[in-house]
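Quick heads-up: structures coming right below.
Each of the next two complexes has subunit A plus one more chain, namely subunit B in the first and subunit C in the second.
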Partner chain A sequence: MFQIIKNEWRFLVRSRIFLGITIAFSAIMLLSIFLGNYQIKKQEQTYQNAKDHVRQQWVSIDEMNPHSAAHYGTYVFKPSNLLSSLDEGVNNVTGNVLRVEGHVQNEIIHSEASQMQAVSRFGKLKPSLLLQYIVPLLLIFLAFNSVSNEKQSGRLKLLVLQGAKPIQLIFAKTLSVWLYGILLLTFIMTAYALFNSQNLSTDIVIRTGLFFSTYSLYYFIICGLTVFFSARWQNATVALTSMLGIWIIWTMFIPNILMSSAEKWYALPSRNEFQSAMTEDRSKGLDGHNPTDKRSIELKEKVLKEYGVDSVSQLPINFDGMRMQADEDYGNSVWDKHFGNNRAILKQQKQSFQLGGIVNPFISLQNTSMGFMASDNLHHQAFLLQVENYRRVFIKMLNDKQIFGGSKTGNWSWKEDNAFFKSVPDFEYKPTQISEVLSNYMLDILLMILWSILVIILIVYGTKKIKII
Partner chain B sequence: MRSLKTFLFEWKHFVGSPFKILAVLLFIIASMYGLHNGADLYHKQNAEIERINEEVETKKATILSYFKNNEKGPSEHPWVDITTPFWAIYNTPTYHFKNPSPTLVYNIGQTEQYGFYKLITTSSSGYDADMTKEIANPERIQSGTLDFSFVILFLLPLLLLVLLYNIKGQESEHGFLPLIFVQTGSKNWWLLSRTAFYTVLLLIVIFGLMVYGAMLTKVFVADTMFWNLLLWVTLYLFFWITLYFLILKYGKNTVSNTLQMVGVWLLFAFIIPATVQQWIAIEKPTNLMVDLIDVSRDKKSEINAQPIAVIDAQLFQLYPALKETKVAKDTIIVQKVRGYSSEALINLEIKKATQSIEADNRIKNELISKTYWYNPITYFQNKLNQLTHTDYKDYEAFRNNIRKSVDTRIKMMVFDTWNDITIDKEKYLEYNSTLPNNAYY
Partner chain C sequence: MIQIQDVSKSFKGDFAVQNLNLEVKKGEILGLLGANGAGKSTTINMLLGFLNPDSGNVYINEIDTSTNAHDTRKLIGYIPENVNLYPYLTGLENLDYFCKLAGLNYTKDELENYLSTCSLSSDAHHKKVSGYSKGMRQKVGIAIAYAKKAKVYLLDEPASGLDPLASNELSTLLQKLASEGASILMASHDIFRVREVCNRIGILKKGILVKELNSKDVSANELETLYLQFMQN
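Right after this comes the complex of A and B.
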């Protein structure tokens, strides 16, 4: 088998067209990595400038009432991620700016896609675009006549007479084309590693390793199926058109149709419905800005009882701040319910989409590619959760200062000094570790393994019936 | 005559090829699915607009009931006084809608990148959080909805490829190409007649699909859009036919022709648009709206912290007629009046900040337009977006419309406040008719 693979490669290398395509394609891949990295670094600079600017505004507050500061709030910008120079995932369409303030959990806004006219339906020139759409086509073109050519020239018969088994031959042909895909993949990963040698971490290495493995599996499926068709059909053109048909259905039809359908099966609320439902639930709770609110009065009675005093003026703490925090606590339960409901729906949509991998391994590839490069919706949601957790700590810190900082109830002119505002920590994004999210992609990996096994079974059983001539 | 025979004979070729028939059927199914996706979005947006209009009517009725019962506002919000211009205008619910065009059935375009309704207040801007897109799965938005335009822009060239790939190549491989040339006289006319058959076939299919789409929404109500769209789709079809025809004319065999056709498609559909988008992202990185953030926080505080005389001077500069109002002539300065009026000055700063954002975006769009001569799919895509009112520029106009409405609202609030007008039911109704819900296509 090794000899056949060696021979195949000898033929390939001799072909000028093949060499030309390989050189041109490698140049495009190199360009995609270089541009991808350059763009991410430039975006990173914009992000850092904006982050520093907003932080500078916050630490420059001379003096302010803590609750006024909660309204003044701050902003969190979605950080760029070097991994997304390999696969940008959803980053182009999600927002980038999130306002962090008291009383409300805001939504992330200002996506890149909304800032200009439409350009590319398939995103920027990232290695994932080439690896997902173009490399498989290249492999199909290399493999579609690998066996049928041998049949037509009569070499297959000769090889069988010389002792080669058809199954060995087909596997060898599959592996030789597959190795070409692996070579391109290795080239991309090596170039990526060289460009980012200073930023490589264990997590990045594991993620890129998984990225490499899933693409390898997908390429094996593509090569195996193409060689199988080449062996089964008498005519190479039929093998080519069959595989092109499969490629179109897998990459163009099914992902789009399935994703749109999943969104219909598990419908998200409209923005207006979502906001109205939250406003409705919010109105059932305590209004921090309204001392005459029934629930505020109840809380006041409770606190007065706890401290054993008759009026808020006798309290050693600032009851206004306490009411604000009670308002926040109630609000948080409302946000958890409604935003949590959206997250649950998104999860259901994702799971339905993942099951599409049963009929289409390209879906599994897309999911794992985005997931391992930390640019899928799961990672986006994890980022949003981190910001929301930060918001809660941030607001509580301000409210606690209002309560226990030494001011009295009703004293809204009381202000904290600059030292306090400087002590409030800035948001620090902690990248999601692959170990935390790997289980979400196990179904995709499993389906791709099953597909690979299916292709092997097809080759083993299917080739028994092939005509040698 | 020979060409006509070749043309008609191609029908036999077509019906004798199950692969080609299957491809056409798949194309029709995908198109119908896409048309329904567009129609669903059209109906969904209209239903949402209707629901919001109903909410607005309920809110208006609630406010009118306060006037009827001589109340100043909701009892749980004692600070609200609807007899003052500020609170009356605050409680005049005005929405601006980007009404979906019936042609949305053909092309969703950039619709899902933006919000399509906006509650107008005196502090609104076209870049508020509620102007962001509807809640949707970002992975679906990223992969794009399969709408009719997707089918046309990306799958039509592939369908053409499937229909044309073996023309001439098959005959050449079987060795009877010279015979055909002898029989038909001209190889160019023979090739043209065969490709013309598929062009006509696809034109009939596309026309049929577009008529089907027109039945899902009221497309024919939207003036001549149907015919404009058909014209551009036809031009797009001819663009690909020409390219493929040239490949077939100069091609040697089926496999090489197929490879070239796929190569051209990959170049125009993937490589060029993706490279352009990457280049633009490098030239003009995503705007993080820091200017707008500065206005909403620091600039706002700065304006409000100014001495009253400075605020007055700025307001008089903005609205010279304000000097003639009752409050301006009064020697007693009402602090609150200026407090509310400073909204006009903040709005001015917001407009300056948004203008710089829009200018930035315009540069990006100009960069995209400059690539059209070698980036045909993006050109046709944006042309379809423009025709179906789902283009960036439509949403820019929607934002401008919002800005104008905010300007009117603020001006009315400032003048009525400075004229010390007490709002009653009639005046409130006048506000509602002057500041109505507004639809923009």
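Right after this comes the complex of A and C.
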């Protein structure tokens, strides 16, 4: 088998057309990585500048009423990720700046389905575009006549007579084309590592390792199927047409059909529906800005009873802040309910996509590619959740200062000094652990392994009936 | 040794070979003459183990090809009408590759020796096969079989399209192989070449061996007349 692989590689190395294509393609890949990296680093700089600017604004507050500060709010920035220069995923549609303000939670209303970006990726020169669409095409063009050419030229007879078994030949042809895909993949990963040698972390190395592994699996599936067709069909054109048909179905039709179906099966509420439902539910709770609100009066009576006083003016605390926080707490529970509903729907959509991998390993590849490069919707949701948790801590700190900071109810002109605002912590993004990512995408990985096994079985059993003459 | 005993083979009800009996002993060259569709290639494919006879038996050195094709193929050297080698490899590299597939690791000198023995000029050894003539490729094909130390050579129209010089060299080479103890079966349209090279001649018509004779017993003209008679009847 080694001899056959070696011979195939001699062909690849000696073919000028092929070498030309490889060099041109490698140059395009290098350019895409360079541009991706440049963009990410520029974004990173912009992000850092904006983050510093916003923080500076916050810590420069000389004195301000804490509740006013809660409405003054701040901004949280999603840190740009070096990994996303390999696969941008949903990042370019989800945005990366969120406002943090009292009573106002961020929404997630975009659907997982709409994040597939199956066809919309064409037109943007990204390593993921090249790796997911173009490299498989190259592999198909390399492999489609690998066995049929041997058959048509009569060399297959000679090879078999010399002792080569057809199954060995087919596996060797598959492996040699697959190794070419691996070479391109290695080239991209090496270039990526060199461009980012200063910033490589264990997390990035593990994630790129997993990225590499899933692409390797997908390339094996493509190569194995193409060589199988090349062996099964007498005519190379039929093998090429079959494989191009599969490529089109896998990369264009099935993702789009699945996209529409999943959105229909598990529909997310529209922005209007989401906002209406939130407003309606919030209206059933306490209104922090309305002292005559029924629930506000109930809270006041409860607090007065607790402190054993008759009026809010006798309270040692600021009841306005307490009412605001109660409003906030209720708002949080409403958001948790609706956000939870949306997350459940998104999870169902995600599972539908993942199951789509049963008929289309390309879907599994896209899922894992975005997942391992931290640019999928799950990472974005995790970011949103962290921002919301931060918002709650942030607002509670301000309300608590309003309540217990020494001001009295109704004293809206009371202000806290700069030291307090400086003590409010900044948002720190905690990246999703790789173990969690792995568990999220285990199904996709397993499906790709199953596809690879299926291809091996196809080759083993399907080639038994191959006609040598 | 090649033995074909009462072999019949049909495709979709039409006989390609019918009750064929043939034997090629060690050191013997048998020429199979016949028009297109006479059953020559089918016979060779059965000997190669790529087709199984519907009835009868095919043996290579007394091993049944239907049941032990993998073993019999080790003994066979096959030279088709067009030896399609890898065009991006040199003659030497092609020979090396095919030998390695057969588990034979020869030194460069040994490989060169095989090519020279098969009349391929030494300056062609290191040239890419894409620039070879048909005759040169046939010589590399024979070198592959020769280096394999084949006991049986099966040739399917080997001289077709060769110039007279190359064709003559091929004849000489085959006689050399036979003198070394090989059994050779050569299917051909070329009456004169067959009479010149082969010890015995068989004429196939519609899958039936209609005549078998010693080449010494017949002149080229007589053979041609005989062949044409069979083809016209």
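The definition used in the following text is that the second predicted complex is superposed on the first by the 453 of 469 C-alpha atoms of A that agree within 3 Å, B and C clash if a C-alpha of one lies under 4 Å from a C-alpha of the other, contacts with A are read in each partner's own complex, and residues count from 1 in each chain.
Simple rule for what comes next: contacts are C-beta pairs under 8 Å (C-beta built on N, C-alpha and C of every residue); 3 or more make two chains touch, one makes a residue touch a chain.
Every value quoted in this text rests on a predicted model; they were computed, and no experiment measured them.
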Subunit B and subunit C placed together on subunit A: clash or fit? fit
Request  = For A:Q3, decide between first (touching subunit B), second (touching subunit C), both and neither.
outcome  = second
| task | Would you sort A:A143 into first (subunit B), second (subunit C), both or neither based on which partner it touches? | result | neither
The answer to whether subunit B or subunit C touches more of subunit A is B
In degrees, rounded to a multiple of 10, the angle subunit B-subunit A-subunit C between CA centres equals 100
*asked:* Is A:I363 touching anything from subunit B or subunit C once the two structures are fitted on A? First, second, both or neither.
replied: neither
_Touched partner set for A:E263, first subunit B, second subunit C, both or neither_ = first
Discussion item. Just checking: does A:S153 make contact with subunit B only, subunit C only, both, or neither of them? Give me first, second, both or neither.
Written reply: second
After superposition on the shared chain, which partner residues are touched by A:L161: those of subunit B (first), subunit C (second), both, or neither? second
Contact-wise, after the overlay, does A:R14 reach subunit B, subunit C, both or neither (first, second, both, neither)? second
| request: Look at A:N272 in the shared chain and tell me whether it touches subunit B only, subunit C only, both, or neither; answer first, second, both or neither. | output: first
Shortest distance over all C-alpha pairs of subunit B and subunit C after overlay on A, integer Å, is 18
Residue overlap on subunit A between the subunit B interface and the subunit C interface none
In their shared complex, subunit C is touched by residues of subunit A numbered 3-4, 7, 10-11, 14-15, 153-155, 157-164, 468-469
Seen from subunit C, its contact residues with subunit A in the complex are 45, 48, 50-51, 73-74, 76-78, 80, 82-86, 88-89, 93, 97-103, 141, 144, 148
Within their complex, subunit B touches subunit A through residues 19, 22-23, 26, 30, 33, 37, 40, 44, 48, 51-52, 55, 76-78, 109-110, 113-115, 117, 127, 129-146, 150, 153-155, 158, 162, 165-166, 170, 254-255, 258-259, 262, 266, 269-271, 273-282, 285-290, 293, 297-298, 360-361, 364-365, 368-369, 378, 381-382, 385, 391-393, 395
Given the complex, residues on subunit A that touch subunit B span 28, 32, 35-36, 38-39, 42-43, 45-47, 49-50, 53-54, 57, 72-73, 75, 77, 89-90, 92-97, 99, 106-107, 109-126, 129, 133-134, 137, 141, 145, 236-237, 240-241, 244-245, 248-249, 252-253, 255-257, 259-260, 262-264, 268-272, 274-276, 287, 290, 292-293, 342, 346, 349-350, 353, 366, 370, 376-377, 380
